[in-house]
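The same chain A turns up in both complexes below, where it pairs with chain B and then with chain C.
So, the complex of A and B:
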């Protein structure tokens, strides 16, 4: 469910499931954490294929970011309307660095 | 030598042939029951369930070998009986008819030892496989029974938990302070991660909340029950005087401090916590990641209020806000969990806020209970399946006449 790709020195993790909900939240967390090393790194998580994120999916994302918080701060991008709404409702847009596209997210890390 | 000595029923009307066969079988290590015709054979099979192999002559007075096959298949025996028919001249008998009657194998007369020995080993192999299958089937049946018992017990436990949980909910329709409250909870399973309550506070105002623990099922339900116990009338009032209602954001901020989850599993919840003043003119709300409340004014279109807020238990150092809404008699406030807006249709479309607002506007003139029931029916129609994917909780309130100031 995660497709990794390296752009420059940034690791881009694309989430390729349309619904990130309770049924997939645990697997999502495990697969993302598997990709992240203990080294400080530049990471982008691309949600452009995800049209729906529920509370369990959000919980998984937050727990990933908390876990790796001491060495990297993933940039989130590609939020679809329903996911965007969810981010605004729960103010996750204030907690995470959110960008529109993968390119913008990668560029923001190079700043 | 056969490993566990099979009992073989040997059926032949010729004493000479019978004797020859018996001698061969005994020499090969089998236990043999010799009989002279089909009737005796059937009697022996009825009285001795340990016989699993029959070698029978084809042509016999009384019952023929083929008829005997047919009757053996009709016997009420749990195990398969392997039947071999003896043929005098190969090709003359109707083999198809014999196989249809239930014959498993054929032996040419006179029987030579190596062939008999080989055919018997085949028969044993088949019987062993059948026994093993039967044993596995009975093990499976036992395991299935155990699972069914465990499932039933679990189901009963869940039902008991659901009853406990429902007993914590306030009456679904209740006049409190300056308002009437109406609520409904539809769990996705028997127990729910959603919970709500409304209660009068010492100064005559009403404290209320709706709460949705992330995820659903037993884990979420346990947490919601614990929160329901914790969020009593005392939580809503100042510790100093025990009367003054606290600001909802302070209540939520307290909960957020108490419920910081470790980072392995993010256990958290969204909620709206509120206090309706005694005169029903002011509602103060704190929105913590829960869907936007809908206001249905007597005059004017339904609209949402609130700008969102952090869920409770995710981040420690975050601020919460209280919004204040001015109300007048007849105004309604509608609170709901994301199970409403995220309810999916058969083709995966979300119910969404827009449809919700439309239904609320249409039912604006109906009694409050009716409005809640209509929305529930509407969601069932939208979802079109027996159970919902997420818990659905709804709390609606309508400002009635202000409590007279005494």
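So, the complex of A and C:
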């Protein structure tokens, strides 16, 4: 479900499922946390392959942030329209730093 | 926006049923979005999908208690451009008054951004104009009324 890659000193985690919903939220959380065991300080989560996110997927994302701590709160990128709407409705676009592309997200962490 | 493909008032646009699992909620959402695509705009379809998935997730978790031996049925009617989705299950009746919770004026304050759960009903209220619940004869029915953006 998660494909990791490193760009410079940033860990980019790409989510490879079309729907991140209640059926997959727990697995998503566990797979992301597995990638964060070495506590990288710069993390991007790329949602460009995700066309739908429900509140359980959102809850898993919040749970990840709580687990790793605010010092490495991930930057989110690649939001498709339905996912962007979910972020806007729940004001999560004010909780997370959201960028359009992986490159923009990585660059924002270097600022 | 209503289209030429809107069916007769009261006639279901579609009906479908699945066993009660979280994996199957996406099948209900896909069926609804596929059938409503000629009737609603993109943003309206997104809101219907978000609200319906939250409603169905709650039914699976609470009424069906994550057991797959219950059945979730979804039907949809369109009348005058207004969409009514009816989500029916043969699970347990709710312990709380869903009509009182659902009918509260407005959706209420935005849930805490750092909350890990508790957004479902709030999102349903955000997406649907009204929510009504009925229970009897071993069946629970949730009526979700969607009014498209003008």
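What we mean here is this: the second predicted complex is superposed on the first by the 106 of 111 C-alpha atoms of A that agree within 3 Å, B and C clash if a C-alpha of one lies under 4 Å from a C-alpha of the other, contacts with A are read in each partner's own complex, and residues count from 1 in each chain.
One rule holds in what follows: contacts are C-beta pairs under 8 Å (C-beta built on N, C-alpha and C of every residue); 3 or more make two chains touch, one makes a residue touch a chain.
Quantities reported herein were computed from a predicted structural model and do not represent experimental measurements.
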| item | value |
| --- | --- |
| Joint occupancy of chain A by chain B and chain C, clash or fit | clash |
| Partner chain in contact with A:81 - chain B first, chain C second, else both or neither | second |
| Which superposed partner A:107 touches (first chain B, second chain C, both, neither) | neither |
| Which superposed partner A:58 touches (first chain B, second chain C, both, neither) | both |
| Contacts of A:1 with chain B and chain C, given as first, second, both or neither | neither |
| Which superposed partner A:66 touches (first chain B, second chain C, both, neither) | both |
| Contacts of A:89 with chain B and chain C, given as first, second, both or neither | both |
| When both partners are placed on the shared chain, which of chain B and chain C touches more of chain A | C |
| Touching partner for A:17 - first (chain B), second (chain C), both, neither | neither |
| Contacts of A:49 with chain B and chain C, given as first, second, both or neither | neither |
| Shared contact residues on chain A - chain B and chain C | 21-22, 52, 54-56, 58-60, 62-63, 66, 82, 89-91, 95 |
| In the complex with chain C, residue positions of chain A that touch it | 19, 21-23, 52, 54-56, 58-60, 62-63, 65-66, 81-82, 85-86, 89-92, 94-95 |
| Chain A to chain B touching residues, read off their complex | 21-22, 25, 52, 54-56, 58-60, 62-63, 66-67, 82, 88-91, 95 |
| List of chain B residues in touch with chain A within their complex | 212, 214-216, 263-268, 270, 289, 291-292, 308-311, 314-315, 318, 338, 342, 350, 389-390 |
| Residue numbers on chain C that touch chain A, as the complex places them | 21-23, 25-26, 29, 42-43, 46-47, 49-50, 53-54, 57, 60-61, 110-111, 113-117, 119-120, 123, 126 |
